[in-house]
Structures are given as C-alpha cells and as structure tokens.
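Naming follows writing order (A, B and C), and every chain is counted from residue 1.
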C-alpha cells in the first residue's frame, strides 16, 4: 500500500537549530540505539547511507524509486540529484529521527549532509464492512486503522476543494496524528477554534483510538452519556460534514468522531436515509420507543409489582402473582439479579469468538431463562420484561449509547424499587435535567429539543422526505443555512 | 456525577414501609356485603373472594368471611384468616345483598369513595338474595368465580341488557338530584349465576327491579346506544294471535322534550325514541319483502315498543324512582328559581310522561 | 460572540415555562374549589381570573418598557435607600421561599395520601427537593429550557384526559350560573382559587436574561392563555364527569377521575398521573427558590450560590415544619398565596412609581 502525501502538514514550531559537532548519521544512530528493527543500508559506490524502519516503509517503492534511480546517477552528481523535490534536506538530528519514526527513509552523504524522503507504507487491513454499525442496504465500506485510507474514503465522496484537513500531533509517547476535517464556508470558525484549542490542550502519553480520545476533550467528563458521535462509517461522516460539523480521525483508529453532536444523532442509521421516508420515519420513531422501553420497562415492572399492584390488569394479575409466588426475592432483587445476568451474558458474548458466542446464547437463553423460571428463582414475566429491555437496548444504532442506557437502567430500577412510580418519574426527571444540561464543545447536547428548533426536531425524530431538508440543522451553528437550492423536488 | 451518585445513595438509604409486593397481597376481587339479622343490625356480613396464587392449591380461590361494622375492620379481620395481606386495590365487583340494599348503601359507597385504593371502576351490583350465598357456591363449571362474575356483568352491560354501574356512576347518580341510581341485579342459579334485571334505587335504597325482558325497553328510554337485540311479541288485533319478532343490531336515539310553561302540574315530558335495526326473525302475516308491508310492520313495531315503554314509565313513576334521569332534563329546561322551588321527588310521579317511538327497519337480513 | 450561551430562548420555551409555573398541584383540587365557592358553571369565572392575570402581566410589561429592560433590583437599588430596600428584599425572599416549600409539601402530601401513607414525609420531601437543588446549579436560561422539556411529561396527563370523554355529559354542567355553591362568593376562598394562577410573576425577574427575540411578554400572555385554557378544560371536564354535589366531596377530582381510565395493559393510571405532576411542582418550586435566592443576593454577596440555595431550602422547611395536616397545610397555602398575590400586584406598581418619580426628578 502506497501512501501519497498530499496533505499539508500543520506548521510545527521551529526547532532551535543545533550546532552539529558530529555528523547527523552518528547522532541518529545514537538516538536509535538498540532499535533492532532499524535497517541500515549503504550504497558505498555513491558514498550514501540509508536509515529506515523496514516495516514502516514500502520496500518495493524504495527499490524502484530510490535505489534504482540512484544507481543511474554518477557519484559526483549525487548531491545535485538529491536536491530533487522528492528529497527534503534535513539539518537537525531531532528532525531527522522524527522523520524516520514517521516512515521516511533517511539518506546520508559522506560529507555529513542528510535528506529524507517519504516512503511510508506499512501493512494495513483492507477496507471491509463495519461489524459494529451494520446496514442492510447502505454503503458497506468502513474506516480502517490507516488514517490516510480513511481520509481517502472521505475525499472520494466529497470532491470539493473546500474539504479541509487539519493535522495535530497528540501523545507524548505515541505521537499520534489527529486529523480534523471540515468544509470551509459551512463550519463555524469559533467552534472549530474551540475544538482545536481542546485538542491542543490534551496532555497524555498515548492515544489509543477515537472513543478514548474524545473522552479527553469532552465537556462533561462525569456523564455516562457518549458526547461525541463516533462512527466507522464514511457515509455518516460526510452527511455530518455537509451540515457544517467537524469530523475527527485518530491515527490507527478505524473510528472517527463528529462534533458538535446532539443526543438524537445517536438514533440515526444510514439505512434511514436509504429507505423510503415513511419507512425511515417509522424506524426512527421505533428507536425512540425502544429508548424508553430499555430505560423504564424493567423499572416499571419493579414499581408495579412492589408498590402499585392495583395497576395490573386482571388478566395479567393472577398469572403474574402465581409466578411471583414461588420467587424468594423481592421484585427489586429479582430484577437486579436478572439484569446483571443479562449484562454478564452480553459481555461474555462480546469477549468471546463468534463460534463460542453461540454457546453462550444457548446457555443464557435456555439454561438460565428456562431453568430459572422452573426453579422458581425468577418470575417468567420478569424474564420477558428483561428480555424486551435488552433487545430494545440493542436497537440503538450506537453501541456507546446503548451501553450508557443499560447502565442508566440500573439507576431506574433502584429508584423504582424504592419509591415506585414516584421514583421512576424522579429518575426520568433526573435524566431529562442531565441530558438538557449536557453540552458538546459548548453546543447543547439535547439540541433540537432543548433549545427547541421545531424544524430540526422534526428531522431528528422523523426521516422527512428530502425536499424538507432545505436548511442545514442548527447544531453546528453554520451560517450557511441553505441546504438544497430549491425546496421543490428539483433534486431528482 | 458526584451529585447524581449522592442522590441515588440517599434514595436507597431508606427502606420503604409502603410496599405492597404483588404476591404478598391477597387482592380481593369480589366483595359481598349483607345486612346482619336482628340483634346485629348495624353490622355487615362481609364475604370476599381472593384468587389463589399457590399453584398446587386445590381451590382456585380463597373465600373469606367476617362480620364487621366498618370496612377497615373487616379487612383486618379478613387478613387474619389468610397468609396474605388482604387489600382492596384490585377489587372489581362489590355485591350488595338485597336486604342490605333495601336499607340503603350510601354509607358503604361513601367509604369506598374515601379510600383511594378502591378506584372508581369497581362494579356495583345487587344480589337478589344473599351475596354471601352467591359467593360461597363453588360453581364447578367456573372455578374462578370472580373472573366469571366480572365477565358476565361486563358482557351484559356491553349489550345494554344491564347498566354499566361502576362506583363512579353509582356515586354520581346518588349525589345528583335529577336522577336515581340503577345497578345490575343478579341471582344465583343452579351452579351458575344469572342476570336478574336492573335494580332501581330511590336515593340509596333499593326499591324494585326491572325484569330482563323489559331491560331493553328500559334502555331505549334511558339513552342513546347501539348494540343488542330485542325480542317482541306483536299482537295482531284483527286475528287475535301474536307474531314473534326479533329486532337486531339496534341503534337507538333518545331525545327528551320537556314542555313546562307556567305552573308545575302543566309540565309534560315527551321521550322521543328512534330505533333502527335489522329484522332477523318474523313469523307474522305480513310479507316483509314488500315495501308497503315493511312500513306497516315498522309502525306495529313502534306501537308495540311504545306500549311497553309506557308500562315501564308507569312502573317507575309508581315506585317514585327517576332512573331515567328525566329530572336532569327538566332542570336544564327551567330556570334556577323554578328548579329550586320544585320538589322533584314529589312532582315526578304525577308528571305526564309520554314515549314516542319511531322504528326503522334497516334491512331484513341477507336472505328473503 | 455567537454561541449557545447567549442564544435567545425560543418563545415556545417561555410559553411552556409559564404553563409549568402557573399550574401546579392546585389543579388536582381546582374543580372542587370552583364547585364549592363559585357554583355551577364556575369555570366562566376562571376566564375572568385569566384576564386579571393578563392585566398583571401587562403591569410587569410596563415596568419593562419604562425601565428600558433594567432588572428589578437595579431599579430598586437606584431609587430606594438601604434601610428601606433591605427589609423589602428580605420580605419578598421569605415569601418566595415559603411559596416554594409549601408547594413542595403539598405535592408530597398528596403522594403520601395515595401511595406512601407510612413513609416519612421528610424523606419524600428531601428526595423531591434535591431536584430543584440540582436544577439551581445551572444558569437561569438553562433552567428555563429544562422546564419547558418537562412540559412533555406534563402534557401526557392532558392527553390522558381524552379517555375520560365518553363519561362526559353536558347535561351535568346544568344551565345555571354560579348557583348552589356551599360557600358562595367568599372573597377569601376566591383568592385561593386565584392563587392557582400565580407563577407568572417570575417574568419580572426574567427581564434581564431575555433578549427581544424571545418576546418575553407575548410568550407569557400566551402561556397564561394556555394555563387558563387547561384550567377551564379540566374544570368543565370534571363538572361533566361528576355530578355537581359529588364533586364537592371529592378531595382531588382531577386526580380521582384518572382512576376511571383503563387500558388493556394498564389500569388505575392515577398512580402515574400524580407521579408525573412531579415536574409541575418541580418547576414552580425551583423558580420560586431561584427568585428567593436572587433577592437575598441583593442583600448579601454570596460566592457559592449553591450553599445559599441549600440554606434557603433548609430554612424554609424549618419555617413550615409545624404545619403538617391537611387543615394546617391549607391555612399556610392560603396565607402564602395571598402574600404572593400581593407581591405579584404591588411590586410592579411600586416599581412603576419608582420609575415615574425618577423620571420626574430627571425632568
């Protein structure tokens, strides 16, 4: 895989120029001491020495574009040849080592001068469908661990010179590259500066991936809700970029993050856009319903069976009481037990290879479900309630959100077990207060609802027909509101 | 986050003493109240049916009785007989014995309204006999008596054979001047329960009932609805014989016109009834496939209904019960001064109330 | 700088806020009050009350116009001497704090009657009062927005009333006006009904936080319209659902009728309804505590307002601690209601006088 470097690097602070007492080559070797994977190659007849990491570069290209061509150049003309644009003259040792670490090949001439040339091209995974965010009819390519492949996936889709990329380096040790993508003219400069400021302020040793990185720059570190939309899908990225939002990539992470994000973004899947608008709207409404179910269903069961037995309709009552009759625990303990079991099952399934994962399904579904009821450890109504809440939580297109909701659910169950419906409403109120006061780079997290933007709210909760998307959403504060030129069906 | 956590912890610190865990509660589904005899006249015989939730139990219900003069005391006494706490939150039916109903049930109704646990959807019914006896019967065909009884009354009131009298309706009509409450009345049959018509109340006291055969006519007069069927016997004057007729899928519209000009004795009430339905059975002499005969039949039908309606009204007037709510109509058509000067209870029996029936046969079925 | 911090509030937030502020637990017993005090078809008088509120909001709007958008405290601070204004601030702060805690206690009282008769009321009360404390951590524009979101929860209860319609009958409304009241035209009691409309006076303190775009006063007029409509609707519904004599005996008619609703999967919805009313009580309580703390901050400068909030809440709980039974509660409610009414009317008038005098001095 070849890396084509077209991205302009962000200016780095000029390093103080070192007076070099010994040659660059010697000092580079000294710095890279004990790096067994460092490769040294010499072209003695041309008085040239090469230093590079074999696994970081594309060896074929090295052979083809450097060694083969240098062979043709006469020894006298080597220095002239190395003035070629392909080579960059390097004067300090730090700079040199830095370049080598980034996958450059360093070329040293006898007299102590040095050049570097970009040969970056390590092995990468090929582009494959995302496993965490699957779609049925939508695009199937997803980001991979290579930053530049990811940028390419975006640029392929947005053929505009207005797509800008900023690069930053974060991580004392890992020195990971962070790329911010935005569309010039749509993005709000203040927001961009805020995000840039936050990224520049990060002080950390290593950056592992995007979901980890966004936790370093979010506004509310104590909240359990994900505050940046993280996605592996280029189609989600471009649709957000076109709303004036900013997309971020972390080197070696297949996940990009999007900012500013609002709560409702987590409910959207690209499939909604591929579907007919009525179907898409119905799906989105269903997800919102699933959101409420996953939060409150088990809790409501607990509230009703503990405090408000009068709320159960007659037809349900007797069978519920009968199955509860053998259970030795209070509904609260029973529900917590079952919820923990489901969480264990899910976590086990997530950590195990797919083949063994199926076994987990059988053990969990049949053994625990069936046997626990028969043994009289839990009531079968609860099993249904817990299962429905669990399934509803898996409906969320965002794994991050669904994990957060599953945790929040425990709080709801506890409150319901202590204070019944009053506790449940108390929990919902708390959740609403929390959600409405969250923010993402100081834009409100609960946006189209708080503050209210009726048009945005409609398009967040429903999948409106495309002619309704005549204006960009307010989340990214874009000044360029016009989305489609006409509001009629001219786009067809 | 800390503040949320502290909130949660604070919430959990307290154990709650107001828990009613569903299996620890013996939820009464039917409550029967009977007046005690002679020496204990102010006391009630309370019988309660609580569904059994132990899967191995032979009986599907727990039947509990006690003698008490207050509702709460009765509950405590019932609880002592059960392994569960006896509660009223799931009560569906309350049955009053006829004797208790004759003595007035306002106290009980008010008590039930005061306690929020009862809700307002409890069905109030009268037992023609003793509620205790009706409830103590095992009913081999319907082991779950409470469900059986509830479904029976529910179905009949949907068909407008008996009123839908819940605690709410009963209380509402009890407090209203211009209407007297009504309730379903049931009786015990042979291993079964059967509807026995409509119980008529004067204030909170049971006075009489309307037989199931007249129930439909009563409901024609009572209000607009659409359901059910009526079986009529038309008497053919010329031939001195009767024809049977079944009128089905009835839609009924009622309009009450009050003419009151001047003094009270001039007041006249016209109840206009417009019924529409399908003729499903007819064995009279008329050829119902012919338009003309159908019109004649409509007239005969109307006349027959009118006659029986008149009878029902006369019964009601004789018993001095305004179960049809005509008082409300009168009140709304006269001024406040006139109404407050009027003793409706006194005036009602002597008012000229005329039913006017218009019948319309929509179709005669799918086969002629 | 353009950002969400300074972004204006959508008028609809303010409309919902007004509704949430005005209507609170008194809605539960409103139909009974109307039947007892005004009589048949008493809802007509509620329209008049709505009109009075409109006039009161108009007074506040005048303050806004004449004062050119200056905050209330600015106006007072500039024209009143210290020995006069400090007691004034203290007085209104106490009244506002009392109103808040009384509403909270009343709500908890209802919950206790229905579901938690033996749970200690201070436990429930403190659980409830933690919510306003949380809300008060945020700046006021966020509080306004959050409050309007709660309207969704409160709205559910309005929607639920649809299921009671089949039992509604216009006949029971009667054709008489203002007859058969138990306690007719008792001014004291009438004022108690009017206290159900209170809450709109919050706009007095919102003036400095609102930009022109939000149409503060127009929104409050609309909001008051909404409240009046909901009150009238509820009262009419109850009068047509219960018989007139019956309604006088039902303590909380609006709550009681929800128990008539039945779904195949759920019955006795009143258990949910009184829980959902939490948000209504919450908004009113929060804003009254906020106003109280704003007033106190004019007397003493506070670095950490959250400590001030806690102490206001604790103090007000202590002040109302002796009043616990329904009769005692009603006395306190009626007293604080009247005090609050006086503030709602006379504070704008006082402000107008101050503004008028100042103008004269300038001329």
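In this text, a residue touches a chain if its C-beta (ideal position, glycine included) is under 8 Å from a C-beta of that chain, and two chains touch if they have at least 3 such contacts.
Predicted model, so just to flag it, every value in this text is computed and none were measured.
Trainee: Of all chains present, which has the mean Cα position farthest from that of chain A?
Mentor: With centres defined by C-alpha atoms, farthest from chain A sits B.
Trainee: What chain sits nearest the middle when you go by CA atom centres?
Mentor: Located nearest the centre of all protein C-alpha atoms is chain C.
Trainee: In whole angstrom, how far does the Cα centroid of chain A sit from the Cα centroid of chain C?
Mentor: It comes to 45 Å between the two C-alpha centres.
Trainee: Taking the mean of the C-alpha atoms as each chain's centre, how many Å separate chain B from chain C?
Mentor: Going by mean C-alpha positions, chain B sits 42 Å from chain C.
Trainee: With chain centres defined as C-alpha means, what is the inter-centre distance between chain A and chain B in Å?
Mentor: Whole-Å distance between the two chain centres: 64.
Trainee: On chain C, where are the residues touching two or more other chains?
Mentor: Chain C, residues with two or more chain partners: 115-116, 127, 134, 262, 267-268.
Trainee: Find every residue in chain B that makes contact with two or more other chains and list them.
Mentor: Those would be 7, 11, 14, 16, 18, 89, 119.
Trainee: Two or more other chains in contact with one residue: find those residues in chain A.
Mentor: 307-308, 310, 312, 419, 426, 430
Trainee: Please give the residue numbers of chain B that touch chain A in the complex, ascending.
Mentor: The contact residues of chain B facing chain A are 1-2, 4, 7-8, 11-12, 14, 16, 18-23, 25, 27, 29, 51, 53-55, 87, 89-90, 92, 117, 119, 144, 147, 150.
Trainee: What residues on chain C touch chain A, complex-wise?
Mentor: Residues of chain C touching chain A: 1-5, 7, 9-10, 12-13, 111, 115-116, 124, 127-128, 131, 134-135, 138, 142, 145-146, 148-150, 153, 262-269, 271-272, 274-276, 278-279, 282.
Trainee: Going by the contact rule at the top, pick out the chain B residues touching chain C in the complex.
Mentor: For chain B paired with chain C, touching residues are 3, 7, 10-11, 14, 16-18, 89, 110, 113, 116, 119-121, 166, 168, 171-177, 325, 328-329, 331-333, 336, 339-340.
Trainee: Would you tell me which residues of chain A are touching chain B in their complex?
Mentor: Those in contact with chain B are residues 222-224, 304-310, 312, 314, 317-318, 320-322, 324-327, 330-331, 411, 414-415, 418-419, 423, 426, 430, 434.
Trainee: Inside the complex, what are the residues of chain C that reach chain B?
Mentor: Residue list for chain C touching chain B: 113-120, 123, 126-127, 130, 134, 137, 167, 171-172, 174-176, 179, 241-246, 249-250, 256-257, 259-260, 262, 267-268, 270.
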